[in-house]
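The two complexes that follow have subunit A in common; it is paired with subunit B in the first and with subunit C in the second.
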Partner chain A sequence: MKTPIQKARAHGLELAIGASAVVLFFVLWEVITQSVRMPYFPPPSVIFENAVSKWFGGPWYSLFLTETGAQQLLPSVGRMLVGWGIAVVLGVVLGFVVGLYPRIAAFFYPAIEFMRNLPPAALLPIFLLILGVGDGMKVAFIALTVVWPILLNTIDGVGSVEQTQLDSARAYNIRWTRVLRSIILPSALPKIFAGLRVSLSLALILMVVSEMMAATNGIGFEILLGQRTFRIVDMWSGIVVLSALGVLLNIAIQALESRSLRWHRGARA
Partner chain B sequence: MSAALPPSPSNDESANEMNTVTPLLDVVDVGHVYGTGQTAHEALRAMSFQVRKGELVAIVGPSGAGKTTLLRCVSGLMPSTSGEVRLQGTRISGVPAELAVVFQDYSRSLYPWMTVEKNVAFPLTELSLTKGERAERVRESLAQVGLNGMGSRYPWQLSGGMQQRVAIARALAYRPEVLLMDEPFASVDAQTRADLEDLVLRLKNDLGMTILFVTHDVDESVYLSDRVLVLSANPATVIADIDVLLPSPRDQILTKELDDFVHLRGEVARLIRAAGEDAKARRSAVA
Partner chain C sequence: MTTTRSNRGARSRAPLPISPRERLLRGVIGTIVVIVALELIVRLNVVDSSYFSPPSVIAGRVLELLTSPTFLADVGATLLAAAIGLLLACIIAIPAGITLGSFKLAYAGARSIVDMLRPIPSVALIPLAILLFGGSLGMKVSLILYASIWPILFNAIYGAHDVDKLAIETARTFGMNRFKILTRVTLPHAAPFIATGVRISAAIALVLAITAEFLGGGRDGIGKWMLEIQVAGSQTDLLLAGIFIAGLVGVAMSAVLSLIERKLFPWYRLRYGRTA
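What follows is the complex of A and B.
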């Protein structure tokens, strides 16, 4: 058993090791690109300078975004979050319905498994065909392709509730809406969060893919535009912004998860 | 009390008026068969017994005898395939509100995402109580099991014995007429077990709780109870109903030194061994 201080120290050491690897990576990248001039690989200092001036140089009231930043980033994030949000509602609600009835689960499971294993990008042409090139298409595309991990994890989570916990609830005549909300939902939440995390990073990928296929704005569009117009630094800075967005989203969902599942970590320890 | 079959539920009303003569819990000819046809397994056969108000009845039997099946049928968690269970004269279907169950596996019957207080208060949300009454019952029942000031902890921050106390407090706060306990102390260490046994005795003496206590431990069954029901195995049925006339209050050391205690535990143990060997013999005869 480690004391909290020892744990914190170990954690601090891990962080330091991780950080030094990142620093080393950027130093190497800078040194190599500075010494060997390659047109397609600008030095990171140039990329970051461009990213800041192009995307993040704005005032605080526009979230530090420049005009371009706001015009390109906000639509992207909007599409992604709306699509993901629809997927969350759809996945959790359907997951509960299917998960609560093993026979329905048995009926749908193979189909869901099939859909999940289909590479989502392959479906984009169909969405383009039916819904055109607008925002609706992108939102629907994101929603219907990231819903699977949420759905599967919710079904799993709902099915894995402890029988004794349900028996206790039954022994005390707890009404089923309360059983659903206060027992089955919390039991399923760790699995549901696993699904949410996977689907959020998937949503980011699909947002970029959809914007590269058919869009007039957004980060994906900017990256592609940079490549097509040989503004290589612009292309790279778009990629940097995208990875920053990915990191930010991951931090956000992990914060939400550790807040909602504090009991779970404790119970597992 | 007659065990006439088939029972007619029509005389429930008159039965209710005769509480003084009607046993609190009346198990009549309960049998349970799992599955059908070739793979059918008869777990319980024609079980009949009664529990009077304020009594602590222990059910003891060889392991695998179907004790848990019996408890699930008696509590109404699972309908038995034959017979009936009457609580205060009324035939039960489903778990009646006058009944609470403490399960063996405390770590799975408590809710790890709720604090101790919330766990205890959870069943109370279904009763029509004010917030104040609810808080008062939670405080009171936690005090009764010796967990004052532990309300804001989580179950997983407590030891096994303390977790089982929380489960008992949850049952107490519900104020049931009958408390069913399914091998509640089978997974705690010996010292904790002795403490919890004395807690159960205290609840019975101080609060007048009626308790049906299932265990596989012979000493425990005799030490705690007013009556011991001994079960046979496969299928389980009541083979002996033994009055335990040990003086109260009982004491872990003094009571267990009494000649009466020693005789009783010997008697119960012999019955169980015979039942176990009998079941084994029948199994090998079939095989």
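What follows is the complex of A and C.
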């Protein structure tokens, strides 16, 4: 067994190694791209400088975004979050209804499973055809393609409730609204969050896909435009900003998850 | 591990779980109902028929496509790209994952870089891949490789990390060297985890192949075919038939891979239950 001090030391060593690995990564990237001039691989210093001056040089009241930053980033994030939000509501509500009645759910499993397996990009032409190229199309496209992981995970989570707990609740004549809130929801929540996490990163990807296909603004559009007009640094800084957005979203959903599931680690370990 | 399965004796009053046969029956009935409902919705003009074709018409188109050599060649091109990308991802991710899962300090160093690279959405790299490879096979494969490497890597790390320390100590006591411990203890334990990672990555590979063809202007493949149909316009039935076949390919692929998984590692399900 390790003493707490030994543990802390090991942890500190791991942190130091992790940090130096990142530094080494950037140094190598800079040195290689500086010494071997490759037209499509600008040095990271140039990319990050561009990212800062193009996207994040703005005043605090516009969230430090520059005018371009606000004009490109906000519509993207808006479409994504609205689409994802619709999918969350649809997926969780339907998932509860279907999950509470497994005998009825069995009727729809093949259809749901099939929908989940459809490659989202393949659906894009149909959405373009029906809804045109506007924001509504992108929101609907995101919502209807990221809803499946949420729906299936909610059904799974609701179905995984301990039968003994339900039986006890029935024996004590506890009202069904309370059963739903105090028994079913908590035991379904870990699975639901797993679905939310998957669908959020999927939503980011589909936001980019829909913007590359048909848009006049947005970060996906900006990256593609950079490539088409051979502004390679702009393309790279778009990729960097998009990745930063991905990291932020991931941190946000993980924070939400660990807040909502604080009891879970202990209860099921 | 939860011990939820131990006290299932007292579930006499609980609703009976559905038997596999009844589940199948209900699935078939439900699917037929959905198809008939779609047919009626379009035939009764609830939705515009230029937006959605009746399933009966789509079925005819599906048969047409399945006998069309050019379409099948496109399906083949997509599958080939997905397979090459997936294979390369395995070749890189499995040894890397096993190494990282076995050595703590290597893991500490690699994790920070992995955490930094993984959030880059694969599709954001499509423009870069176009610059580097044009519409060639390399464009698709590089994107597929990037996207499908992560699930395999994480599952390999987890599988290698999860090995019972006592088993390794025991193997060492019996005089096994590092290589033998790797092949006789670590690999067999990590294999089912890796297989799960490969199955998840296979689905990603297929999706990304089609996306790259669609957005990147690939020379062949399902995505290119769809783009052509879409540009030509007013062939909704053909488009829907193509989407249907793409979905079928996805379902078939994941079914085959989970079957292989179950045949190769029958003990895995018993120990770890359902794998998502």
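What we mean here is this: the second predicted complex is superposed on the first by the 250 of 269 C-alpha atoms of A that agree within 3 Å, B and C clash if a C-alpha of one lies under 4 Å from a C-alpha of the other, contacts with A are read in each partner's own complex, and residues count from 1 in each chain.
Assume a contact is a pair of C-beta atoms (placed from the backbone, for glycine too) under 8 Å apart; a residue touches a chain by one contact, two chains touch by 3 or more.
Keep in mind that this is a model prediction, so the values were computed, not measured.
S.K.: A:Asn250 in the overlay: touching subunit B, subunit C, both, or neither? Say first, second, both or neither.
M.R.: Second partner only.
S.K.: Could you say whether A:Ile130 touches subunit B, subunit C, both of them, or neither, answering first, second, both or neither?
M.R.: So A:Ile130 only meets subunit C here.
S.K.: Which partner chains sit in contact with A:Met235 here, subunit B, subunit C, both or neither? Use first/second/both/neither.
M.R.: second
S.K.: Would you sort A:Tyr109 into first (subunit B), second (subunit C), both or neither based on which partner it touches?
M.R.: Touch status of A:Tyr109: second partner only.
S.K.: Quick check on the superposed pair: does A:Thr216 touch subunit B, subunit C, both, or neither? Answer first, second, both or neither.
M.R.: neither
S.K.: Does the superposition put A:Glu162 against subunit B (first), subunit C (second), both, or neither?
M.R.: both
S.K.: Looking at A:Asn173 after the superposition, I want to know if it touches subunit B, subunit C, both of them or none. Which is it: first, second, both, neither?
M.R.: After superposing on A, A:Asn173 lies in contact with subunit B but is clear of subunit C.
S.K.: Which of the two partners, first being subunit B and second being subunit C, lies in contact with A:Thr3: first, second, both, or neither?
M.R.: neither
S.K.: Answer with first, second, both or neither: which of subunit B and subunit C does A:Ser35 touch in the superposed model?
M.R.: In the superposed model, A:Ser35 contacts neither subunit B nor subunit C.
S.K.: Give the label of whichever partner, subunit B or subunit C, reaches more residues of subunit A.
M.R.: Partner with more touched residues of subunit A: C.
S.K.: Check subunit A for residues that touch subunit B in one structure and subunit C in the other, and list them.
M.R.: Touching subunit B in the first complex and subunit C in the second, residues 162-164, 167 of subunit A appear in both lists.
S.K.: Can you list the subunit A residues touching subunit B in their complex?
M.R.: 162-165, 167-168, 170-175, 178, 182-183, 186, 189, 263-264, 266-267, 269
S.K.: What part of subunit A is in contact with subunit C in the complex they form?
M.R.: 13-15, 17-22, 25, 40, 102-103, 106-111, 113-115, 117-126, 128-130, 162-164, 166-167, 194, 201, 204-205, 208-209, 212-213, 220, 223-224, 226-228, 232, 235-236, 238-239, 242-243, 246-247, 250, 268
S.K.: State the interface residues of subunit B toward subunit A in the complex, per the touch definition above.
M.R.: It comes out as residues 75, 77, 94-95, 97, 99-101, 103, 105, 108-114, 122-123, 125-126, 154, 156-157, 174.
S.K.: If you look only at subunit C, which of its residues touch subunit A in the complex?
M.R.: Per the touch definition, subunit C meets subunit A at residues 2, 4, 7-8, 10-11, 13-15, 17-18, 22-23, 26-31, 33-34, 51-52, 104-105, 108-113, 116, 119-128, 130-132, 203, 206-207, 210-211, 214-215, 222-223, 226-227, 229-230, 236, 239-240, 242-243, 246-247, 250-251, 254, 276.
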